[in-house]
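We call the chains A, B and C, going by the order they appear; numbering starts again at 1 in every chain.
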Amino acid sequence: MHIAVEFQQVSRHFGGVRAVDEVSVQIMDGEFFSMLGPSGSGKTTCLRLIAGFEQASAGAIFIHGVSAQGLPPYRRDVNTVFQDYALFPHMNILDNVAYGLKVKGIGQAERYRQAEAALDMVALGGFGARKPGQMSGGQRQRVALARALVNQPRVLLLDEPLGALDLKLREQMQSELKALQKQLGITFIYVTHDQGEALSMSDRVAVFNQGKIEQIDTPKMLYSQPKTVFVADFVGTANVIRGALAEQITGAAQAFAVRPEQIRLGASTSEPQINGQVADIHYLGASSRLALQVSSGERVWVTLANDSAVIPAIGSALTVHWPKHSMVLLNETAS
Amino acid sequence: MRFNPTDANAPRAPWWLTTLAIGGIFFLHFPIIMVALYAFNTEESAFSFPLQGFTFRWFIAASERSDLLEAVWLSIKIALIATVSALVLGTMAAAALYRRNFFGKEAITLVLILPIALPGIVTGIALLSAFRLADIETGFWTIAIGHATFCVVVIYNNVVARLRRSAYSLIEASMDLGADGWQTFRYVLLPQLATSLLAGAVLAFALSFDEIIVTTFTAGQQQTLPIWLLNQLGRPRDVPVTNVVALGIMLLTTLPILLAWRLTQGTEDTAGASK
Amino acid sequence: MSSPTQFPNQWMPLRRLSDLFWRQPKLLLLVLLLPPLAWFGIVYLGSLLALLWQSFYTFDDFTMAVTQQLTLANYQALFDAANYDVVLRTFVMACAVTLASAILGFPIAYYMARYAKGWQKGAMYVAVMLPMWASYIVKAYAWTVILAKGGVVYWFYNQLGLSSVIDALLALPSIGGNSLSTSNLGRFTVFTYIWLPFMILPIQASIERIPANLIQASADLGATPRQTFSTVILPLAFPGVVAGSIFTFSLTLGDYIIPQLIGPSGLYIGTMVYTMQGSIGNIPLAAAFTVVPVLIIALYLTIARRLGAFDAL
């Protein structure tokens, strides 16, 4: 398999701030790769480094084996779908989509034909004469997609493309994007702060924190085998147990995580267990989430399916246990 | 949420405030009305009121005055040159300053505003004394240089306001889609700026066309239209023609502001708010 | 990206230049800034500095010639009784005009911002903008017509049988004179008229910026409309007043056309400078005189900045 985009020890500093701090990563050709992290974690800057909107302060970036050093955006075979869509307000939809072909010098008839085809692909055939201002958010999002794809990039960069859409539309677009990527077979690099989105769409996910990558893995591995405290905390919900309590349970002073849904009610002789008092119960529909106050001060979250067990009352004493194999040992930070 | 005056339950103004406001607006327009009326007055050498009669005669008389026509032509030429220079300089400054922060940026902005912030007399005599020091004879080009200097800020303000409001991602999107800097300027930036450039140009033209304080210092023997008018004031015999010219200048300076206002309507640029 | 293909309308030199500017954004900044900076640095700042420098030259009263001998005599001369009078006269007028503009302008701005609705709002904005941009010299001329003997103002008072009011006003010391157009009252009226829009717009903008919920909150907390006005609106609109006063003050201070056309004969800073450089040729003293309004305005701007007026501009 070929490498589509490679970062070698890439840093980007803004004044004294290290937005991206010695990041190394290889993104494979044809992969749906997500960059996940809170705002300010460096994921968007990484995307902008690939697009050419920023230049690396140190390190090297290769796009399909060619160094991106000194290459302006218009000389890179990548295209971007912007968070705010960035449709040109003074052009109609067709001209927006045909823009990339126009600046390459392709004749009007041919570029309109290709632009129409691209609009058909995102189910917006016949909308070409409208202005961006006359389209809904979801439609503008598709136009932005068509405008990027019409140039047949080998890598498509998506910067929180669904951030401005409401929940229903977002879920629909997620599956459409995934299907489109499969169909086209090109690399998608997808920036998001929504862990659910990243997990559901991606082949692999890189979790960013403070300019560094904490972990790169498949969604399944990220969830089941988080390597650091940050990843365990950021991807899904996890009980991260540290210090004395961790030592008491595992016999080592290393932090560990256990998912709330892995925890069972009742005592166990063979599995790790904890005693506490029920401090709070959140009713979530299909399940309930229960906060267990441990005497050493920690709170442990337990998820219970509402159809099964009897939910304990607030204030009652409770013992819970979990299977040993569901415990994941964590590092405090990425090594 | 901002104060929304179209709110149906917005309070009604007390009568005295309405009276003051309408009275104030009337006060602002009264002299303009008077100038318009007197241009059609039949009386030849005084300003008595009520007016003596109605005539178009002075318009014809004015159109036959070659000194007047020369002054008009000079003013137009200078305003055009000043506007074009200011368009180039103001747009460049705006493009350089609107997004970046760097040491000295504040100082540069201040210098651009200085020609209209300082009393015109300071700019005027400074330019004059500099021209004298450099042994440059005052005349057409020295007027144009002075006018261009204070017109830059009008263009700058209009363009900066528009640039700040249009998303920078449009420029990035254009480059991302394969357009180089020049193509991005031509296909994306220029269409975005077009109306603000036109509004700025129209305002700069009006500003230059009407300028008198700096001009009296830099004009040498040349007579722009405002200077022609000022010189007329000592000549009671020419009162009717003066009235006609006054109306003409009034129209030439107010119509552009209406146009500029329309061009920036619906955007938050405030055309001319900083004359 | 294998091999960058060249297409017809990507003219190579321009694209090369574009590459260069992308790699060196500071170079682009420099190229953009150089022409305006050169223009302003050489033409404008150069002139101002040259003027300042010349204010230290010596003017010989007998030969009427300027020599390059440096002296502080010109600045000393500013404190001569006659010259000091000129500065004081201009300063007092600028203060009076600023005060009058604020008093006249506030109700108009307040109405525009709070009560004008829909099309009225746009119309009022244009109605203030139009006289502001209408030719300065024509507006000044219009007032010589209006205030002339036998003109519309005299006619109006005569019609009402109040011509004695004008005579009484003109008989007053310091603001009076032989006729309206040669009195300080007339000059003050014209100054106030011409700079009034410059006061209205910043006030209007600052009142417009007051969030509606602030006014509702004040009413909700039990303030009467009068209390809301004096405790919420007025303090928030004040920076607008200061911003407007920068214009009215500075423009009056530097004007020299209106004092020539309307009012009594005493010189103003502007007319003084004009006379000094023109018929007498005493550029050094004229230069020293221009430093006065610049200093006063610089001081004023410093105070205005403290009062938050720059946010209201």
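The working rule: a residue touches a chain if its C-beta (ideal position, glycine included) is under 8 Å from a C-beta of that chain, and two chains touch if they have at least 3 such contacts.
In this text, all values refer to a predicted model and were calculated from it rather than measured experimentally.
Summarising the inter-chain layout, the chain whose CA centre lies farthest from the centre of subunit B is A.
The pair with more inter-chain C-beta contacts, choosing from A-C and A-B, is A-B. For the pair subunit B and subunit C, the distance between mean C-alpha positions equals 15 Å.
Each chain gets a centre from the mean of its Cα atoms; for subunit A and subunit C, those two points are 56 Å apart. A separation of 53 Å divides the Cα centre of subunit A from that of subunit B.
Residue numbers of subunit A whose C-beta contacts span two or more other chains: 52, 72-74, 103-104.
Residue positions of subunit C touching 2 or more other chains: 9-10, 18-19, 22.
Annotation for subunit B: residues touching 2 or more other chains are 180, 183.
Interface residues of subunit A facing subunit B in the complex, by the touch rule stated above, are 51-53, 72-74, 78-80, 82-84, 86-90, 99-100, 102-104, 147-148, 151.
Across the complex, subunit C is touched by residues 1-7, 10-13, 17-18, 20-21, 24-25, 27-32, 34-35, 38, 46-50, 88-90, 92-93, 95-97, 100, 102, 108, 111-112, 114-115, 117-123, 125-130, 132-133, 145, 148-149, 152, 180-183, 203, 206, 210, 212-213, 216-217, 226, 229-230, 233, 242-243, 246, 249-250, 252-254, 256-258, 261, 265, 272-275 of subunit B. Across the complex, subunit C meets subunit A through its residues 1-2, 4, 7-10, 18-19, 22-23.
Chain contact summary for the complex, subunit A toward subunit C: residues 52, 55, 63-64, 66, 70-77, 103-106, 154. By the touch criterion stated above, subunit B contacts subunit A in their complex at residues 167, 169-170, 172-180, 183, 187-188, 191-192.
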